[in-house]
Each structure stands twice: as C-alpha cells, then as structure tokens.
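The two complexes that follow have subunit A in common; it is paired with subunit B in the first and with subunit C in the second.
Our next item is the complex of A and B:
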C-alpha cells in the first residue's frame, strides 16, 4: 500500500509550508537545481507549488488511498485540458500519485480574495493589511499596484471561466480565493482544480457560475455589480451557448439555499 | 555538461549528468551498437551494456531543459517506486517523453536514429561515479555544447504533430507570435510529460 511518501516526503521536509487546507498541505519547493558549471542563463532556480494530500485518519485507509489517487488524477487531467484550451491555469511539473503529491507551476501574485478585502475576516488575510490604512484605500492600493481596474479584472474572470466551460471543464469550487492575478503579466489564473470534472451539461456550468455568485456575495459585500461584469464578459466569450446557460442560471438561483419556493 | 542532484531519491538514482552533443557523426553506428548490446549474452554483453549505459535522446524533440528534466524526474520516480514500465531508468526517460504508451514508438521517435545530429546524453547514477563526461565522449562522436543551444535545435512542427497541438485552441490562438506559441507549447508538453502516469 502506498501513501508512504519516503522520497516525496523528504522533498517536503526541505520545502516551506505555504498553507494548509482540509484536503491538502501546500508547499513551496525547488525540484531541479543545477549544481555544476554551465551558464546560469535562466536567472536561478525556479520554485514549484507542491500540493500534498495527506492521509485522512477519518477515512478507511483503502478508500483514502484510492480517493487521493483519483483526486490527483482528476486535478491533473482538468489542468491539462485547460492548458490545451488556452485557459490560464498553472502548468503541471510533477505527479506522484502514489504518495499523494502534485507539483504545479508557482504563480507569483495575489489571490482575488486578497485584492478585495471583505467584511469581517477570520483568516490571516486581514493580518497582512496594515492597520493604519483605511480598508477602502488598501483595496485601491493593492489594485493600482497591479495597474488593473476592478472592471478589467472582472472581465478577465468572466473570460477565463468561459474558456474553461467551452472546454467542458467544470471547476467545482469557483471562489475569489481560487483566482490569482499574476504579477508582471497581469494574467488572471484559475487555481485549485481538486474538485474539477468534465461535463457538457448546461446545469453543471450554471451551478459553477452560481457557486461563484454566492462566493462573491458572502465574502465581499456589495459585489453584485462586480459579478454582473463577470457575467457580461462570460456571455460575450461563450457566444451561442450563453442563452441556455443564462436561463439555467436563473433557475438555479431560484432553487438555491434560503430561497422561498412560494409562488 | 550539467549535473542535477536529487538527494531525496535513493543514492543510486540521486545524481543526473546531462550533456548536449551536436554534429554527431556516428548515430547509425551507435544505434546498431545499442540494438546489438541488448541481445549479447553475459559476460561480454554486460560489459558492453554498461559501456553504453546512458539515455540517448534526440534533441530536436525537446522543447526546453525543463521538458527534459521533467521526464528524467518522472523516470527516476518510477524506478524508486519499482514501477518501471521499460527495462532501465534510462529507457524509461524515452517512455516518459512520448505521448503514447507504446514503448517501441517512444524509442523510435525520441531515441537515437540513424539520422540524429544532436543528442542529449543522460546518465542517472550515484554520487560515486566520476568522469562521466569522458565516458560519454567515448561513445558519442560530436561536440558538447552549452545547453542553451537547444533553442536552435528544437523542431517545433514535429512536436506539434506528435502532441496533436495544431487543433488546440491554445496553440491556434497564438499563431503568428512565435515566442508566445513556443512558450505555450513548452508548457503543454512539460505538463503532459509530468502527468502521463495518471
């Protein structure tokens, strides 16, 4: 039975823990380092993001092994499908399914969640923000640092999700924490495809959008106009498929949580 | 020649020597030597196999050093987990480079052919082995060049063909802008090699 990551485990021990979620621990690591001679024309070692799906004690071991393996496989397949279809996602750098490790391209930048501080924050996002600055100013500063306006950002979001749906990839967990603005190129990068799957169904695409809509409204207050910009860019990129998806989205909104089914 | 170290792997797989040879003049002879060595019986067979115990990779089909490093890493990983699909870790690199599961196709496409003029020669070994470069020079007749020469050697249209990239939106969208197109192709190819096992 695998999930005894002796080699990958040693690699992890020499990496820096970046964050930990319920599903996986995420590290910054370096895979390939030249140690001899030769011209250093690439400007130093390139970091990767290691996603380690650790063993879950609350699961039966054999179920845990097969679930971890299929999650990694699903994530890798979704990523490669997106790459081939021109969606901005991290490239894959190493896969060790037996040990529960996936290495992807390190994206230097900030998540959208970080760029749009919400109301009451309970995680460490707020700690990064200087206390002296007004929250409104902070937000503007973060974005102007990137030289990207909120509207343009929302357009990028809509565009990327549309490209993804055109490839029949459903993200499964669209939130502002899973979107990053890459430093330098200003690309909007979609990350964390751990719950992604392939589907041609209009229902699945509509639900994917609805999840984002709810994520926006719950983490970032007064964000309805933002989401409309997202939908607008999505509509433009989708073309013909939009009619069906847009209609379905309305249906999905009606049956969401805490919705009255009266009338 | 470059040396990459992976101390987290078992010692006999922890050091990788890579040299890029151009103006290779003995590819046909080298290829028949490899084929013959596979069939020779011990003990002379073992000596001969050890003399050519390297991976010989056609440099035309490599998009970047990262591409090659990714295939090498995955091959070492499979060997360390005792899940090699081919006979040695060196032949496994060729399997990793090929998009399909067909081993002979992998060797035919990515290995040394009668007309190869540029070859990557790779040796995966322990830190004890010294003088790897001279061992390589005994086997391959050509010049060792810096690895950034790779940029001039890559055959992008063959790569697009083997990976069926000509129909992909990502590639079609970047048509006309060579630099961007190649970066996209490199990313797809590296990612495909990395995730081939799943």
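Our next item is the complex of A and C:
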C-alpha cells in the first residue's frame, strides 16, 4: 500500500524517526494548532507521535492492507475507550487507517523501565539479571526528579490498569516500557495499545496482569514487593470484580508458559 | 552470582573421535543416523537413513500402526545406517534415542530398540529431546551462531531463543501445530501423503492465486491455528468451491474457488503469522539471525517470506533442506553426542520416553 499524497504522507516526510519496532516505525512530528479551542495551550507547533505501520513485504499485499487497517482502527478504538473512561493514555490526534498512520499526543517524560533498577539497559533477553545493587542510588535520583515515591508510583500503576480493565479494555502487552511518567506532573500514562482488544472476560484481565508480573520479574529483579503494591491498588480500585480476577490470576500463574503440551 | 565465564565453550575439544548412533521415531518417520565428532573439531554425517510410514490419501497415521511400522523397519534402517557409515556397532561411543515429545507408541518401540542395542553392545544410552535435536542439527548444518529459532513441524510450532543454558520458548501455538493444520487440510481435499502432505500442499499452492479471507490469529508472540483450519475446511463446502482442479495452465474467469486457491490462501495466511511472531521475537531479543527447523521448515515459500523479513531487518535467515528439516536420526545423534561429551548419560532404569517434554526443560550444558 503506497502512501497517497495525503496529510499523513506530508506529516511523515516532515518528521524524525524515533524508533523502529517489529510492527511499526515511530516518528516525532509537529502539528500546527488551528485556532480551535483545543486542549493544548497556544498556537505554536504541537509535537505529536506518529505510529506508521509500514508495509510488510513478506505478506500478501491484500492481507497486509486489511491487517494494517484493522490494527490501526483497533488501536484507536482502544485509546478512545480508555480516554472516555478517564484512563491516562495519549490523546488521539489523527487516524489514517488506509495509510497505516496513527498520530497521538506526544508525551514528554520517561518510561517506567528506565526509572527502575535493572531496566536502564537496552532491550535484553528476558530474565537477564543486572547488577541491581549498584544502581540503587542512581535510581532514587531518577525518581526524585519526578517527586514521586516508589510506592505511590506503584499505586498509580495499579490504579490505571484497574480503570482500563473496568472499561473492558485489555492492553495485551503490559510492561514497564509501556508506562510513562509525564514530565512536570505526577501522571502515569499507559502507552502502546498496539495489541489491545476489548474483553469482559476475567481470564483476559488475569492474563493481562500476569504478563505485567512476568515483565516486572524479568526486567526488574527483586521487584516482588513492587508488584504486590500494584496488585493492592488494583484490588482496591476493582472492588467486587477483584475476587474472580484474583482467583484466576492464581490459576494463570500455575499455567503460564510452563504448561505441558502434547506432541 | 558467580563470576561470569568469558566466551569459553563449556564443551572441551574432543581428545579422540566420537561416534554416535541416533534413533528417531517420535512420529511417522523412522530414522537412524551416525555422526562423528572428529579430533580436529569437525562434525561428519556418516549416514542418515529414514523410512516414512505413508498412509493412503485422506488418512492420517495412527499411533498403533505407526509403532508397528517402526518395529518392522527398525532393524533394516539401523543396518543400512551402519553399513553406509562403514562402522561397526562396537565403534560407537553411545546410542541416542528420542525421549520425547511425540506419539507414545512409536516412541516406545524405538526406545525399546535403543535399550536392546545398549544391552547387547554394552553402550551408554542418551535420551534426547526431539526439539533440541532439531535446533542443534540446524545450528550445526547452517553455522548460525545464536539465532532465533522457528521450530515448525507436524507436532510443534515454537519460537525459541537461547538464554543461559536453556532454549526458552518465546511464542508457540495455543492449539494445533502448523504441520498438523496443513496435513489435516491436505486430507480434507484428498491430497496424497506421499512424500508428505505438506509438500503436496506447497506444490498445489503454486497453482493458486486467489486469496480467500481467513482468520488471522496472532496473540503477542503466540499463534492460534485451529480456527483457520475450520475456516478453510468450510470453504470446501462453499457453493463456489470447485473440487476438480482446472486443466494445467488454464485460468477460469468464473468466480470459483479451487483447491489450489485454498492451499495458496492457507499458506499465505499461516506463514505470515509465523513470520510475524518470529519478527516480534527478533525485535524483542535484538537478534538478527533466524533459523528455521522442523518438517514445515523445508517449505520454500516459508523460507522466502522469512528471508524477506530478515532482509528488511538487516538480518539473515538460515534453513536446511529436507534431509535435516524433516525428522531424522542424525539430529538425535548430534544432540545426544553433545550431551554425552558433557558427561551426561541416561541410566538404564531411566531410559523411558514421554509424550510431554518441553524444549525449555533441557539443560543445555554444552553452550555458554
């Protein structure tokens, strides 16, 4: 699918590549605010994040087009649902499902992964133990820049996830890299809804939590107490729904990837 | 944590040549292979003999019949392997057999042969994980250093990467294996099982050009395939489905779906999913090498798609041909011999086999 001379194309051409994942390329671009009473301050250029799901050459073109279209739409849908339910997620600026471009609010801040011990390195094979003890001091400094204590932060994580689950949105890829602390405020923002979907099932919510638990233990050694305070906040926020989810989470833990398969 | 070992392989250079016999029979292929690790560090495939149990079109292989096939052919195949390798049973250092995973009855009959040989010639036994066998053979043949492994066969579909003496499973199928999905569809449209249903699907797919919509089910690094099988089976009951394939070379302008179109669509969809999860694993780990192993791995379309993906990422794809992709004895010998050289043996009273044996349960002692 080649980009037609469209707004999204012009935007892409005038942007800088931030990173490239398996799915999409991420760019930073600037939008010029029209004189509408927008949420952003004045008329200066506003940075946005462009997520461009480029064409995969290995895939049959028509299959690729329909997949890209549905994934962009799905991501936007999940974000909107979160926004409506008051979950802290980036706002949507533009959706161009046909060209595979999604523009969302640019969030200035740091990902949680970089604020915790062991997570500061680049992508590593899971469960690679870092020398966590040495980084303890430095990490405290990182956090103090945001005026948030570690416990409060974990409470926020649990809170946001609970709000999202109460809206029946399943993130699908909860990791500390997919959570950001917004610069200048104490807001925790959930990002990257590329794998998100809607579900009311207890199972899906429990698996979502389990994914996060695994992400915590693999990237941040000795983080069990941290995750338990996440769960505590989640429990409080979820209210009655917690009983079923908590029970299922215990089941999922036993199952995990360790389940034995025939053949 | 003790001090890290710098890049010194735990595997000592061989002080003498080692020779191992590998016996494989976890599914419908019975294989015997003999491998030699020479003193200069070279690995030689002395022989690699296989006999496949082929069922009539429309039928799969049942455990009991398969086990019977293996029992009937075991001696012939092993004798051939020994003869071809020009060694004697007394020259062997160890006898390796598939401990699992696989079909119970065929595994048992081959394990029985291995135990008998071990007692007759007084040779140590090594039980080998089938999946690790595939990976080790793939690494040996292609020379890939530390690849992300896509293991696709009739019984397994896994994305694997090595980390700390263990082959970790990053993604896998949530229901049926990809080979199983292809084979079962081949049976539905009555394709021959000779030489293998997957090969005939691949041949048929080359004639197809119409992509019918099918579910696309990747979940993170996992895939689900059973729904796709149901969906493609449903197309064979569609009014537009025309079971007789067109005479060669003609293209119909009628709105029909041919078996070739279905094979084409099935391959395109399923392989896209596999390449996608492999790419995700590569991005996650930061690896640039992919190795495809397992029976489905000799499908050239899959190799081609993987090649394009790897190229886009500036990486490289490694694959082997049917001699080493499809189940064989030599891979069991290779993995078994590596393990034997690390001082591991399977005591006689533990020389059992098991249908369930996860890839990540094996301690990969021979790698850093």
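FYI, the second predicted complex is superposed on the first by the 222 of 263 C-alpha atoms of A that agree within 3 Å, B and C clash if a C-alpha of one lies under 4 Å from a C-alpha of the other, contacts with A are read in each partner's own complex, and residues count from 1 in each chain.
Operating definition for what follows: a contact is a pair of C-beta atoms (placed from the backbone, for glycine too) under 8 Å apart; a residue touches a chain by one contact, two chains touch by 3 or more.
All values derive from a computational prediction rather than experimental measurement.
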Looking at the overlay, what does A:80 touch: subunit B (first), subunit C (second), both, or neither? first
With the two structures laid over each other on chain A, which partner does A:172 touch: subunit B (first), subunit C (second), both, or neither? second
By the touch definition at the top of the document, which applies to A:72: first (subunit B), second (subunit C), both, or neither? first
Pick one for A:236: touches subunit B only (first), subunit C only (second), both, or neither. neither
Touching A:60, do we find subunit B (first), subunit C (second), both, or neither? second
Looking at A:21, would you say it contacts subunit B, subunit C, both, or neither? Reply first, second, both or neither. second
Residues of subunit A touched: more by subunit B or subunit C? B
For A:254 in the superposed arrangement: first (subunit B), second (subunit C), both or neither? neither
State whether A:201 touches subunit B only (first), subunit C only (second), both chains, or neither. neither
Which positions of subunit A sit in both the subunit B and the subunit C interface? none
Tell me, which parts of subunit A touch subunit C in their complex? 21-23, 56-60, 62-63, 66-67, 122-129, 172-173, 195, 211, 257-258, 260-263
Which residues of subunit B touch subunit A once you look at their complex with the stated criterion? 1-5, 7-10, 65-66, 69-70, 73-74, 77, 80-81, 83, 146-148, 165, 168-170, 173, 184, 187-188, 190-192, 194-195, 197-198
Would you pull the subunit A residues touching subunit B in the complex into a rising list? 2, 7-8, 10-11, 14, 31-39, 41-42, 46, 69, 72-73, 76-77, 79-80, 83-86, 91-98, 103, 105, 163, 166-167
What residues on subunit C touch subunit A, complex-wise? 1, 101-103, 154-156, 161, 163-164, 168-169, 172, 177, 180, 211, 213, 216, 219-220, 268-269, 272, 275-276, 279-280, 282-286, 304-306, 308-309, 312, 355-356, 358
